[in-house]
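Read from first to last, the chains carry the letters A, B, C and D; within each, the first residue is number 1.
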Amino acid sequence: MSELVRFSVSIDGDLLKRFDRQIKVGGYPTRSKAVADLIRDGLVEEEWKKGKEVAAAIIMVYDHHKRDLSRRLTHIQHDYHDLIISSQHVHLDHDNCFEIVVVRGVAKKIRKLTRALKAAKGVKYTSVATASTGRGL
Amino acid sequence: MSELVRFSVSIDGDLLKRFDRQIKVGGYPTRSKAVADLIRDGLVEEEWKKGKEVAAAIIMVYDHHKRDLSRRLTHIQHDYHDLIISSQHVHLDHDNCFEIVVVRGVAKKIRKLTRALKAAKGVKYTSVATASTGRGL
Amino acid sequence: MSELVRFSVSIDGDLLKRFDRQIKVGGYPTRSKAVADLIRDGLVEEEWKKGKEVAAAIIMVYDHHKRDLSRRLTHIQHDYHDLIISSQHVHLDHDNCFEIVVVRGVAKKIRKLTRALKAAKGVKYTSVATASTGRGL
Amino acid sequence: MSELVRFSVSIDGDLLKRFDRQIKVGGYPTRSKAVADLIRDGLVEEEWKKGKEVAAAIIMVYDHHKRDLSRRLTHIQHDYHDLIISSQHVHLDHDNCFEIVVVRGVAKKIRKLTRALKAAKGVKYTSVATASTGRGL
């Protein structure tokens, strides 16, 4: 985090009114935080498109009764050990597991790991929450 | 369009530098236009979520050789005539047609029409470009 | 369109029941059409990621009172004339225009054109409905 | 998981060829797993739209130097304690934290919690990986 700087914006008055209402409903402390969040969302999207180093959480829902699945998922994750920060496991019910794999690395490799986990027999669902490493945000 | 108003924003200096670079690469004339665009994107997204009156283009790719398809698509569109502004047809090649249906109405009804077109036998693909009616944007 | 072929799928009985319910509610004529649609959606997504030749509709909402905007939008579109199949114009109200630009070409170039239109002063909103050329779908 | 059942699908031969190539590249063990995954993706999407009980991971990037932020985030999370299964914390670098909040509940409430976390001063970025509880998947 560097120093705060100030700049001014000219926009249509009705548009600003609508933005202010949205900010208020969203519980935002200030317009500045709301504008900065919009800017940051755009920058993170760009980092992913351009293949920069990013961070993410890959989540999986799977049936742990499936023979050999845990071993296989561990095996896949070890192939990408340089990418993976941590793995967390949640028991959803008697059959279903929820696993969160926190990763950091280039977008392409994160997508490759996601595809490998998704293809494993017994994995029912995968999705990815995309973020950035926080640097320059 | 009402009058222009001015407000100021305080954000991290490094973040502003990154935003300025993005603006420049994107060919944006001013920071104000860039900030206003981010605000408008958020407002249009909200209009769709809240089920307000919006505008959109539904596109379809279909095989016009499919028996009775044109008649069926016209029939479906007439069921939603109050929603549809216009229909445009493009010949992609010998087999494939590309049809653009411009609509205006509540989000829920637009989704219902899209589903009906998508389910028609011979329609291979549908997608929707979401926009707003432009009022208060 | 080549000949129809037949293949069989083994899935969990409860999953199939849920799928059948979804198909029925969606008004789908057959399971085969529903499965084919899912496959096609995945293939079109891949074509966009891989930068193949695709088709799309770019939509814009803009204020036609903005000085010189029509001329500027026409100018930008001419820079991409090899990409553009057609342009259609709809009057949303006294101030707002809705323009649909139907394009065909590589994904990267379509995104570049979209960015150029989006950056033009007076353009309030843009979005893209992605499709394919229909070949092999 | 109930018993496996078998059903057959008729689709265009060229389309099946393209699907088989995609399956092979993706490392999928069988066509049945690939088709089941497409069906499951559609069902989970629907669960979110219809406001059913779902599961998700909310991720945040924030600056832990920000005064009082940890206390505030803990406070917000306690307001939603019936929704939250676990919270995990990762140190990205000297300044940036990455927090993963695993939740289970109705979609609307998960979105409300996400918005509350997003609005907190010092939180730079949030996103959500959507999943289901795994039941009937």
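By our rule, a residue touches a chain if its C-beta (ideal position, glycine included) is under 8 Å from a C-beta of that chain, and two chains touch if they have at least 3 such contacts.
As the structure is a prediction and not an experimental result, all values here were calculated from the model.
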For this session: Determine the centre-to-centre distance between subunit B and subunit D, using the mean Cα coordinates as centres, and give it in whole Å.
Result: 25
For this session: Take the average of all CA coordinates in subunit B, do the same for subunit C, and state the distance between these two points in whole angstrom.
Result: 9
For this session: Check each residue of subunit C and list the ones that touch at least two other chains.
Result: 1, 40-41, 137
For this session: Determine the shape of the graph in which chains are vertices and touching pairs are edges (line, ring, star, complete, other).
Result: ring
For this session: By the touch definition up top, name every chain pair that qualifies.
Result: A-B, A-D, B-C, C-D
Problem set entry | Touching residues on subunit B, where the partner in the complex is subunit C | 1, 26-29, 33, 37, 40-41, 44, 55-63, 65, 85-86, 88, 90, 92-93, 95-98, 100, 102, 104, 115-116, 118-119, 121, 124-125, 127-135, 137
Problem set entry | subunit A - residues contacting subunit B, complex | 1-16, 18-19, 22, 31-32, 35-36, 38-43, 46, 136-137
